[in-house]
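Chain naming follows the written order as A, B, C, D and E, and within any one chain the residues start at number 1.
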């Protein structure tokens, strides 16, 4: 309450220390919530790994005490649910102890995935905006295209990803482009839907004003619709960047799983290396947080430069 | 100034707005609302016409029809001999809305620049016009503020400045001075009269203040509600030259009394 | 009515608003704006205080401070002996904003019901109050309309009805009648005076109309801008009983002249 | 208006016609088209293009275009069927000319504003149908004309036949995937995202702690999560529903958070003056104001849920379900069955999305985007 | 050098060691070939890749290849390096299944995506319905790994002798804890990894010549790999295979399936495979010209 009030009274003063305050303000909650999750995680590790451990012990004819049993469930080589410290050790080892160019380095794989994610996200955002612009301006597009765009999104990506990769390989396109296209396919939709809403969100009075100036469609677009759509755009872009990452990872599977977080996940599951899978998942999540946070920060900067009033 | 020449070239009696049996009915979920009915009105070039009438009688709606923001459901209307749509496309008018309608993401200065940008006016010229109109409405010093950092009256003045910044021949003003105190209001009234006389603009002006209507207008249109229609049109017999103290003259008071009677009559229909 | 009893129970001289050296500075991207400085003011229970002053002088800001929507940056203020926050939480006041602020997804009727719902007033009672206040502001028949289907003045009246629907002892009204014509305005002025006398409410009223201020108030606070401060406080010597034609009386005109001078002085600081 | 007014589509179509005439024949070796058929095709295309330039009412013009474009397409495709892979440039030029005419037809139709409600609804349906029909016609013409291997991309006609012949299997799959996994997962996932957003909004501590963790969930790639969830929730639909929960959670979270910030300052101040409680403000102001954002998420999620449930079935299922069928039939080279499933998924997804869009119109009727902006 | 693209059926692992060794040791180069080896993955159908022109030759199982033939992809087996099948069904000893007679009413994990034919052929032979219920077996589409057994979601699961079997061992099962149904030993095996090219392309003598060279070099690679399993596994790991130990073990097991690395198709095995597929209506008519011995005859003298 007090904080909100000071914000009202001193938006400038509040924003000066914003970064440091966010850093100071959210580290503790994040850490404590994470700590809670880790505890739950350990408990689940015992529950989920327990039955198999019991089978093992039975076959080996051992009857360990509770503490020993719990310890064993936390140190299986291929657990159903690896314990946090197992994942952490693996993650640490593969992130910091390997040369970043080595194909065992998670940094390397994350980078491979990130590059096609970013490319796909850029394409996807551009395409989504383009489609939204078309739909908002041409009734014929709104009526004819929209239903098919929706239908296109219900095509299970994993079913067509291999075909896309095959078709592109057949015409000699390999590498990052096919992967990026699958990211594009997944990311353009949230942007398109959000932007259609956003571009239609200006108040009628504001549109009327443009009307009185006999502003052209493009002037109304740039000077009114675009600024009004900004909150929708950034909310959509956060979803899109996450979808884009998922798309890039999916697309890594049919390319033979050579490099990328998807490849790590696949080879991990192929060899039942659950710890590797989890480490790769953690890497994917870290990349996701970074991407979503960057989009969020850009959004804040844009909104601030547009005279956004501190909440 | 360029306006002087233009004014003298045109015959004073040219028709700017011509409404014949104009009617407009809104369809609402709750049944139709007849906002205008059988409105007949002719406005000549260079006139200053005030619209006065009880709240909800269709003043805003009538201005919106002239501005091609609303399509009449019966009757005809022409602007400068064109359809409202053609007139709008010719950027024939400037409109001050009843609410300020400033864009929250633009500073005051950029808000005033908006129509200038759209009409393709050069950067230098833009600057000059912004400065001039902001001075006119007493907002100098607030160029870089955002709308929410301004008081209600200041926002309204910014919206007036925005409409004045590009010199349209026809001005549609919907209660532009509603949120201003008497002193500023008097000042702006004088400024507006001055501008009008100098440039021979045609002005359609909605107000709730009887003295204001009488002081400014060459003609006062009194409207009454449900359905909105014109009940009286009062020609002002006041001279063109109007010092502020003309408002104490008996002639002025007589006109004001007639307007008040008209207004009261409108209310009795309620 | 219940209000009458309550009014007679309380000593007339109880302090409602007490501001001491109140100051408020807004920090904007463009440097600080001093909206209020050194405001000293005491408002007693049952007073009708009007605030008048040039656009941007801090009238709205002062009401917002009372309402705990803005925190002063210097000085102190107390409401009924409490902090503004406590007073707000005790639902000590009703506020009519300068703009209507109706919710677009609610019909007019539901908009007026909003505070009643929040304060947990029973359905039957709600209906009765809605009917009564909608009649008071002459909006009967528009219950089921949505805000965007109403004219500007009708929206403003709806927002007044919303504030009157729950009987707060302190009313903060920010130019409530700005968008209304003289006739409706006179009518509502009378209604408000009537309500005030009957219920012994305390009313803080921002207006730009000098006659309105003089007609309604027991005290008129004249403010001047940059930085916003109180330049004059005029006690009304008019009797409690005020027919509309009291506005032609010499006493009335004298007070009005004094207010106008104060206002003009404020402007000269510009 | 009098005189001819040739649209760019019709003009281009005429040009393509001329080019096609120069490059005859339509197809190689087997020569499936008689002289008469060939002439008829040209008459249809060129005739419709020219007729559309006549100053006739829009409805008639659209009808002529409709007949010309679809008649020509039908003749062309009927001829190439059984002679796959023999089409020459001329064939493709004419198909494209037909497509341009159909485009023109849609453009003419979309400016029509019938007063009749029924006619209006029909028109609103007809336009996307024509558009979609041409996706299928082009697909059919290209796969048959260029002789694209069946295992790579079967023509839509073959998919249609397969679909019609496999209705019981498709129904069983839809039942498993949509009515069990998607519906359960969608409700839980959207609910969880929404609840988290509210929780984060209510408790500042959680806001700062949960939102970053919510972002983390956003990228839990389905490929990594699906096997794990199958491990935890078993082979049957609950694990698929769990995948859908994970996929739909984040969009709902982000949009709800954005929506909760969308109410205006004055509107919030009003609530403050009533000393309205957190929940009162939430229900009476902030949620209604957030509704456009929330519906945004519901729409995006409707398609995400479909993808999620289908893909999750790639990672272990009982032998029923759309994802199971797709991955199995790819292995068996029954690509037509794969596309039949995809078609069903697309249809179901569109219906799902459409239903949400209808509810949105009803609930957020007040928003400028619905009132008509 | 002549370019040849080879599409594998699965990710890089010792299952395909021969090809990687041939490339690494320069056997292809000696034949004047420039071979590009494309790893596969889940849901990459090599039949589709070759139909789309993305490969000249693919590694495929015969069931998938014959099914694709009926769909208009004229695949022809040009060599059969794997003489025996590596697939088996394993069940924990302490579970309900000890013999074929125990299957009724239990749940079995099966790989799909074209790998399900041997299983269905077997059940067909046993006369067990696969729609579940008390008198049949319930089939689960099994994922990449051996979790269903560990989790007890299935009573038996499919494994390859050279791969998943060892994952069970790694997970703590001992060989004596497991009941194994080996398809080859039961005589239910269908031919696994063979090399397939498009029939119409093979009509071109130049392409045929290229394939002869390719098969010759590949079999040389297989020979080398079976003789030097550890080095071969190393080469596989260099090319992207995961887990060196696992690859070494895999190489050892794969070697047992290769026999003498001549790549010749045994007609009897082919007949049995075709008959089993016909019996299950996976293919509808007796395949003709689905294999050729010309290439191996020319390649390996």
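Just so we're on the same page, a residue touches a chain if its C-beta (ideal position, glycine included) is under 8 Å from a C-beta of that chain, and two chains touch if they have at least 3 such contacts.
In UniProt terms, the chains line up like this: A, D = ABC transporter permease; B, C = ABC transporter ATP-binding protein.
No experiment lies behind these values; they were computed from the predicted model shown.
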Chain E and chain D - chains in contact with each: A
Comparing the two chain pairs, does C-D have more C-beta contacts than A-D, or is it the other way round? A-D
Which chain has its C-alpha centre farthest away from the C-alpha centre of chain C? E
Separation of mean Cα positions, chain D and chain C [Å, integer]: 55
Approximately how many whole Å separate the CA-defined centres of chain A and chain E? 37
Whole-Å distance, C-alpha centre of chain A to that of chain B, is 53
Any idea how many Å lie between the Cα centroids of chain B and chain C? 29
Scan chain C for residues touching two or more other chains and write them down. 26, 28-29, 99, 148
Residue ranges of chain D touching at least 2 other chains are 152, 227, 231, 265, 314, 327, 330, 367, 371
By the touch rule stated above, which residues of chain A touch at least two different other chains? 80, 158-159, 162-163, 166-167, 203-204, 253, 266, 269, 309
In the complex, the residues of chain C that touch chain D are 64, 67-69, 88-91, 93-95, 97, 99, 101, 103-105, 114-115, 117-119, 146, 148
Hey, which residues of chain B end up touching chain C in the complex? 26, 28-30, 33, 52-56, 59-60, 98-99, 138, 144-145, 149-154, 157, 174-175, 178-185, 208-210, 260, 263-264, 266-267, 270
Across the complex, what residues on chain A touch chain D? 25-26, 29-30, 32-34, 37, 48, 80-81, 139-140, 143-148, 150-160, 162-163, 166-167, 189-190, 193-194, 197, 200-204, 207, 231-232, 234-236, 238-239, 242-243, 245-246, 249-250, 253, 261-262, 265-266, 269, 277, 280-281, 284-285, 287-289, 291-293, 309, 311
Listed in rising order, the residues of chain E that touch chain A in the complex are 8, 11-12, 38-45, 48-49, 52-54, 94, 143-147, 150-152, 167, 170-174, 177, 240, 242-243, 246
In their shared complex, chain E is touched by residues of chain A numbered 51-52, 55-56, 58-59, 76-78, 80, 103, 158-159, 161-163, 165-167, 169-170, 253-258, 266-267, 269-273
